[in-house]
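Each of the next two complexes has chain A plus one other chain: chain B in the first, chain C in the second.
Our next item is the complex of A and B:
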């Protein structure tokens, strides 16, 4: 493949991964469950695009496989599964009381992204020398931001999206550093993601049925001795 | 071939229990299939102890990654043993709960899937595939943790799933980096545990170390290492007792096994600090758990904290890193598994007879239900390492290996924490079994949500269901015997397992 094409593919990949980072920030900050889900879908498509671009660049069939699996499983099957398993009204819910307000959360997210860059640098030096793409630091940033989402969110659906976004981040980094992961494994990982959605959807529905809320972050009865025994005294 | 049968049996059982027959059907199928799995794994373990690696012999699909060596055979045997014992315990325990038949079928289906996912971890030798089955263990057990559908159980299940999967996200990146390191080493070997060890010396150290740390933290969350342990006491106390026995007794060890698999790889790589990481993280876990043990108000939580303590002990032992310490570590895995599941069966028996999880509400248990009381005391003695029971010997061999390695500070701290945990547990259990209620009118508060109504008046004796007693006796035998005598085949298996961990 000619140098100009390679250059073009690399630039396109840089654009795609840049947008990926933006969606990761968006998931931290977005208040509405539906918005979170949409951002996640966009993110998965960007991951697929990056995989396809890298596949073109390195002539790797396995990477096309990753792209295809991502296009099918996440934007289509995940929302469908969620609709089947969890109550519909939680999509429209706005989450007003996050653990941190949005500007603070975004500032911390920014710090995490910078940290990810420095974590990614030594890794980049270690992998194949021809590769100096943005996938590694941005993938790590996606992973960290997903984990951060889990700590600031309280509603069930954004928490689930945070988990899936972590996996997206790991993959964005993974497709760049390890290019020939067996397709069978890719498929298994994708299936696994769907089982996560299913189980957590079922759990969410049960929580809503039994407790009447989906703000799972507010469940905090299980603690060590003093608090619980004090409650017991009161109820007696 | 029998390896594949081991994996197929629980899956078939999971499908069969969904058939709408009588209540006995689901439990019967589960007990039968887990006993069959136990027999098959015993055969495999026997073959492995005679110095053979068992492979499937098939080259198609995921089956080509099946291989069982000393360490995996040991873990496999433990899963099968605890799985069978917990299935037997479930029969009587779940019948006591008056659940609807549909709910019971759900329980047994999930139970079998959970067993399947755990059995698959040691059987497969491809690291990414192992990561996937680790995820499956979380997902299959989530609905078991939330089984009672109380507010607390749902909270526990939710924390369990979110934190475990969050850890799994980090571990996924770790495994992908491990794969990258394997490719960068230029090795032509297959990407399996043994292939990794052989290629380790030419891997880029930075990739390998990053991968190791991500996996240690990620899977360490699921093992319950402090400070990622917060979900563990919740999940391990809220689930039905047989499930607690599985979660605490074996699941944590199985996940720890995956981490342990990386130690030979790290040792083969120049300039790795895997041992130091393990000792630091292990000692923090042991220490924190030993002190947290003392302030629990719920006896199932107490045993859950003791699991964190024991995971720390095993990790520290592997961190010490000589072949004697590794032997101690695998022995500790065995003794912890059998003893901890016994403890949770005992806790289940106490819950059946007393109807509450509160330590302060259970007094004079030995008079109300001699079987449950005796089991509780025996379990507590076993798990805290009182001589001559199994845990005592394994802990002793770890401490001895630590001193021989001249790790005086680490070994000393370990010994101190173990003693603290001993007093922490024995004090509580002593009061529960032999204590006298201070105020007689202050009758036991039955746990609000559990279906049991065991009001606590001395004189009205409680009789354990037969299957519960049977499971207690089954697990008590190894706790007692392994402290005095290790049969030669097991001895061979233990040495094989320790050899896997030790660099040649």
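Our next item is the complex of A and C:
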């Protein structure tokens, strides 16, 4: 392929990863559970687009496979599974609460994204020059932001989406580091993710049936109170 | 040399003449989407004409600021027009007098005086709107700064004529993540600064909900005409910066003849028409945010602009 096409493909891939970073920020800050899920779908499509562009750039069939598996599993099967398993009440509620207010959460998320750059630097030095690109640091940033979502969210579905966003970040990193990721691994991980979604969905439904809410962030006090009294008795 | 000065003046004339048209067109397009008839697209010209022929009433208790402000609000967008590419893609006579940051500050000066004038007459609604405008303003300020820093980081300059070259040479630069994210962030800024829908409702006439409009409540006659015209021009100038420097740096005159420069006018109007269509879609599909949600909207703009910068750092 000619140099200009390669340059264009690299820039398009960079653009896709940039938008990926933006959706990762969005998942941290989005108010509605529904919006969170939609953003996750967009993020997965962007991940697939990045895999397809890299596949085109480096003529790798495996990356096409990764893109295909991503397009089928995450944007289609995950929402379907969630709809089937988790309570419908979450999607109709307009607002879900967070541990931090949104501007603060976003500022911390920004700091994490910058941290991801410094984490990515040594990793970038370790790989061959042609594998260097925006994928590695932005993938790490996606991983960190997903983990951060896990800490600030208090609602079951956004928590699950944070977990899946972490996986997306790891994959965005992975497709750049190794060109020939065996398709089998990708398939295995995709299945694994779906099973996680299934289990979490069923769990959420059970939690809602037992205590009437899915705001799992508020369950901490319920759980800790007897433990504390037991500890007190021990110290006595 | 004289030719470049003349071209500069043509730019100013174009902005002055066509700014009310853009506003009328936007209002008309919006009414068409809402299945209303609406006034003609030339209504802003008629309003201005009528206002210039009316008597002006100025409160006895107001100071010189109140009388002085309409002129500042009118002059600042004209001044910025001298600095930015409106019709030509080569720098004109005054282009190196200031960069994009200077342009932003000059526009902010007009906003600053409008705020002072709103407080000046002690009308109860003026200060409410003024303080809200300041709130939007100081939340938008960091976004402006990051956008300009990223522009200078990518293009190596903040002179708009140099920046617009950067995005299209080579063409693949157009797809740089920093460019696309900057465009998004700047679009959000235009919505906030122009008092458009997610932040403020320009068609609302309920004083308690006003943000931008309430600043000119006390004006009448010629002062009001100048305030209105200045507002139209500010929006037009922002659209010119957005379209000509960031989004579509094509279709501008590269020749040195008067004909080439005049030919760039229809191109510019076409681009602005397309942008107005986008604005109409945004304005008709969102509702106005609650006041304290504005910080979240501008927070999103801030994140977008910082993501543009981070993406650029990651690339190099």
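To be clear about the criterion, the second predicted complex is superposed on the first by the 217 of 236 C-alpha atoms of A that agree within 3 Å, B and C clash if a C-alpha of one lies under 4 Å from a C-alpha of the other, contacts with A are read in each partner's own complex, and residues count from 1 in each chain.
Operating definition for what follows: contacts are C-beta pairs under 8 Å (C-beta built on N, C-alpha and C of every residue); 3 or more make two chains touch, one makes a residue touch a chain.
What you see is a predicted model, and the numbers here were worked out from it, not measured in a lab.
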Inset, instruction - With everything superposed onto chain A, say whether chain B and chain C fit together or clash. - result: fit
Inset, instruction - For A:77, decide between first (touching chain B), second (touching chain C), both and neither. - result: neither
Inset, instruction - Return first, second, both or neither, reflecting whether A:8 touches chain B, chain C, both chains, or no partner chain. - result: second
Inset, instruction - Name the contact category of A:167: first (chain B only), second (chain C only), both, or neither. - result: first
Legend entry - Superposed model, angle subtended at chain A by chain C and chain B (C-alpha, nearest 10 degrees): 160
Inset, instruction - Kindly classify A:100 by the partners it touches after superposition: chain B alone (first), chain C alone (second), both, or neither? - result: neither
Legend entry - Partner chain in contact with A:183 - chain B first, chain C second, else both or neither: neither
Legend entry - When both partners are placed on the shared chain, which of chain B and chain C touches more of chain A: B
Inset, instruction - Could you say whether A:68 touches chain B, chain C, both of them, or neither, answering first, second, both or neither? - result: neither
Legend entry - Touching partner for A:41 - first (chain B), second (chain C), both, neither: neither
Inset, instruction - For the combined overlay, can you note the least CA distance between chain B and chain C, rounded to whole Å? - result: 18
Inset, instruction - Indicate the residue numbers of chain A shared between its chain B interface and its chain C interface, in ascending order. - result: none
Legend entry - Residues of chain C defined as touching chain A within the complex: 170-173, 175-178, 180-181, 295-296, 299-300, 302-304, 306-308, 310-311, 313-315
Inset, instruction - Spell out the part of chain A that touches chain C in their complex, as residue ranges. - result: 4, 7-8, 11-12, 14-15, 17-19, 21-22, 25, 29, 102-103, 106, 109-110, 113-114, 117, 120, 133-134, 137-138, 141
Legend entry - Residues of chain B that touch chain A when the two form their complex: 61-62, 126, 128-129, 132, 135-136, 139, 142-143, 146, 149-152, 154-159, 161-162, 165-166, 169-170, 172-173, 176-177, 179-181, 183-184, 204, 206-207, 210, 233-234, 237-238, 292, 295-298, 301, 358, 360, 445
Legend entry - Complex contact set, residues of chain A against chain B: 119, 122-123, 125-128, 139-140, 143, 146-147, 150, 159, 163, 166-167, 169-171, 173-174, 177-181, 184-185, 188-189, 192, 195-196, 199-200, 202-203, 206-207, 210-211, 216, 219-222, 224-226, 228-229, 232, 236
